[in-house]
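The structure under discussion appears below in the form of structure tokens.
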């Protein structure tokens, strides 16, 4: 039985963490805390948990947390994790940080995009980027896991096979991303009021969102060369879910799926190619419990993954280009679900525990 | 041409006022102001008005407003109108106040429900309650119109015929009211964030909402005796519209519609009664341009009135009781539309001007 | 391990049943069927289940179902259950019917409200109304459980304590009910198109909904006398959840909570009364795992119960009258969740299994 | 006064046409028809028009329409216009067709994308594509106007300046389009039920939507060479509005805005370029009443154009590529509003009449 703490329990990701961990047979919620005015039972914050959990949520008391927990989830705004994680780590606790603070390996990039000094850059090399599909082995023994951002999770999973295999032109990757509103956290800003979001749809941070360098970092590693994606996020009038529509040019020298050029043009050739790309994706992810590849002509909807920890991916091979559509639940595979998936890996539980 | 000012132009009611007045052939928007950080063209606040209006929105400058306007709309939070209206009235301006400040004739009731001292109670007797269907004659010459609340507008219009004619038991009126979110104004509170309202529905201020005494005041006048309604408002996950489902007991001594008791029970008798009640309502509102009574078995939906200045009313006669369903657009007939209807009456324009 | 079948698996309730049963450690999904054009893996209908379950969904084959299942859920439109349940029961299977076919004890009432002949009225006396809070003992050994309607579940739970204890005037119960759209099933009608429901709210079947006699039947039994509630359902622009606002007059002879009349009027008296009613409700439901009573001044929202099997109840004691607000998830406590709760009781599993 | 008919009045576009024409001082609604079971006053179909218009909506009677109308709007599904338009035109009526039937100049392309024989291809050359910003002069005297599709309206307006001026690489235009649900019309299909659309978001017809060839046709004309855009439409969970995010590569030989290459890289250079592109767009559309170009860093939201006839366009110059975001109301500038704009041009009314 692992004793688990959640710091930042009153946000959307914290709420999901509580819900998942209440179902987890191997984890015991030992401490729940958040920046709040006064301590209250967690069932008062989230009446849906009333009667199911007795813990009182109070301001985080690091000493108490270190005394009662083996592993701590930080569901905090960025920069706050920077102040708290070191105190837990130095007490020998394992930490899964859902903020952006330890995701970017280059502190300068962090400082550019978050407009803040990185105060714990010494730990960046130790921190493991918590995308199990790529870093499972390292996660197993990690002390500090940097849980990926929601947009990067979908984008990296959608693009990894193409880039790892050198099939895409690295200079022309476009991610048109759409997210539900919980992606922004429980942020008290006019733009997130119901009457502003409802019946509206808008782009924001057009090509300068802070998740872009996170995607760039991981795709560049996979491709073995510097990649800078074009990334435009949009805000959907719905609560949870991300769908990314991704446009890629095929690499000039390497025909997708190894299909000979002469086969192209004919309908049969096209079908074969698509099958090949899909087959290639299926093979790439064949052992992954939470990545599902769609058949040809079939694309994921947000509804297919909402409330689940899956990332569903559909692929359209257009010959010289490829369109990839990926969907996740931003609060699960994009945050709390992936965090528990990481915990399961770290603690030796079956990876799906409490996630199906 | 009437020169018109709007104070509080950046809220939802202010936005509607601008939209309506831009279409009004007899009104000229002369001044637009609001509590804001720095002056900006109104098209910057509301890009939908960009290119259609040049006015800059700034902090209200009463002197300037008095110099340029003949009539001023106050789309302000309550208590703020109390500070501003007197300065306009004493300069001879006509004022239509959309706040609650001059609606309740009894300052003590105001102070109880709004938890504030009323600082201009001397003007309460002069203020005309701006419900044209009841006070049209007084509105015509009014200097200060207290534009009704959104819930009261629907509730009073739905109940007036029954109560004015002594057909309802005054001690058993229940209003189960449901409102879209703009009813609360552009309020920056956690409870109004998209992710809190979306896919949710809740009651609030259960039987102690500040609009109840407003309804009580007007229904009591009509009935000639003290009425205290049971009033439970709810918050709908949609932007605009109010629907009220109203439950009334029939008065013991006065059979509805004058139907003799022996006729009841038979299907024919029931139908006749319903027709009679509906006929009675139609007669009551026959000259009203913005009240529509439905045929038997037909009830209004929010969609039927959203974007319009109509109040639609459906009636079900259940014998000993009556169910009335009324719908309005809370921002139009429940606020800005009714305010312009009042302006039209005050200034001698055809009452429907800019409202159809 | 109980082998379970679902007939009608492609509707909303069927979808929920699959989701719950996939998590159930003691149940094995043995057969999934529905009225469909051609057999397809269930993961094709519901991509969210892809990769989690291999069963093919086909037209129901009663013989095969009888051979492979111990217990069968009927998630069917009414009248269809009437044709299928007898064939399962006569083969010795236990049946939980989510349709309305076996809920009303009086076939004539069924025939009046559903406009159809009841073809299996002989089994009505055997069928157990599947509301565990009232009929747990009978459910335990039942062969045929009539799973309650969604509106009745919330309404009966909200009113049972008052009526069982003789505290309410039985002639004046008003239920103003609001439901999310899945309550209507996956019905292909213009009125349920997105553009018709979105940003709309409407009443329907005003005081003649088929769930009213179900509520009347159960409340009458509890009160020991004939009750006919006023019941007005409304359609909310959201997917799941029911909230009912219920207005009750107190019985003349029996002061609520046994508070002496002289105590009323004073604030202290009022508070005491409210506490007494709430205390009374808490006592009534003290052993119930899925009924939660709110503290004074606190009322449930749909968000508090959506995705759960709970019924949350808030109470406002107004002296001569009481306002009760109850919320459930229409697809869980109002359908599939309650059905599995019944299965758990029937099969000896802990009642919460797979429901938390 | 122009006598106007609407065939297909009960769909979403028809509903909008009625609403607009009721406000039009120079047009008289002379005939309203649709494919319906039996004639009913239009106020019965759309209660929001009750009391405002007396016309009965019946099956179209071409003779009667030809006798009473000068100009007819066809708000019909494609192929139905093909049967009706010729009968009106041969009687000398002017026709504005909102269907796709006369938009594509090449009948073979129509037949490929609509999977139907084109039965009136002889009139394709006469039909004027009703995008006033490009074809105003021709529309003036047109007898048959093919009102553009909603997606093409936004896409063509967003791309015209770049392509007309040779600034874009014609082989690499990507349109990621998102539309509200009314875009699909009042279509009775399971996929358009509220519970399917709500809280969901999905791509559909990935790169084979029938609006793509319409965009290709017009952009190719402007560019003077064959263009084939990559076009992926998505379905938003909201009623009205389209937002398109468009990705363009700059033409190699023609630096955007004529900025010398050496200026690039520096912040000042970037700003200048962006201003230049925006300036260029503003100049291109300077006389257009319904196209608004945003300042740098400012992008349109659906909310800014919903309920209006405007197309708002924002531009981000990324150096080697450009991101353009365009928004319209799919039922107004994308259908009924543009149709009335065309009528205004054809009949000599001020172009904004009834559209502001």
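The first chain written gets the first letter, and so on, giving A, B, C and D; residue counts start at 1 in each chain.
Following the convention adopted for this analysis, a contact is a pair of C-beta atoms (placed from the backbone, for glycine too) under 8 Å apart; a residue touches a chain by one contact, two chains touch by 3 or more.
It should be emphasised that the depicted structure is a prediction, and the values quoted were computed from it without experimental measurement.
Asks: If you tally the C-beta contacts for B-C and for A-C, which one comes out higher?
Replies: Most contacts of the two pairs: B-C.
Asks: Among the chains, which has its CA centre at the largest distance from chain B's?
Replies: Most distant chain from chain B: A.
Asks: List the centre-to-centre spacing of chain A and chain C in whole Å, with centres computed as mean CA coordinates.
Replies: 37
Asks: Of all residues in chain D, which are in touch with two or more distinct other chains?
Replies: Residues 196, 198-199, 237-239, 300-301, 303, 306.
Asks: Once bound in the complex, which stretches of chain C touch chain A?
Replies: By the definition above, chain C touches chain A via 22-23, 47-48, 50-52, 199, 292, 294, 300-301, 303-308, 310, 312, 356.
Asks: Considering only the defined contacts, which chain C positions touch chain B in the complex?
Replies: For this pair, the touching residues of chain C are 174, 176, 178, 196, 198-203, 206-207, 230, 232, 234, 236-241, 243, 245, 247, 299-303, 306, 314, 316, 318, 321, 323, 325.
Asks: If we count contacts the way the header does, which residues on chain C are in touch with chain D in the complex?
Replies: Touching chain D from chain C are residues 12, 181-182, 186-190, 192-199, 237-239.
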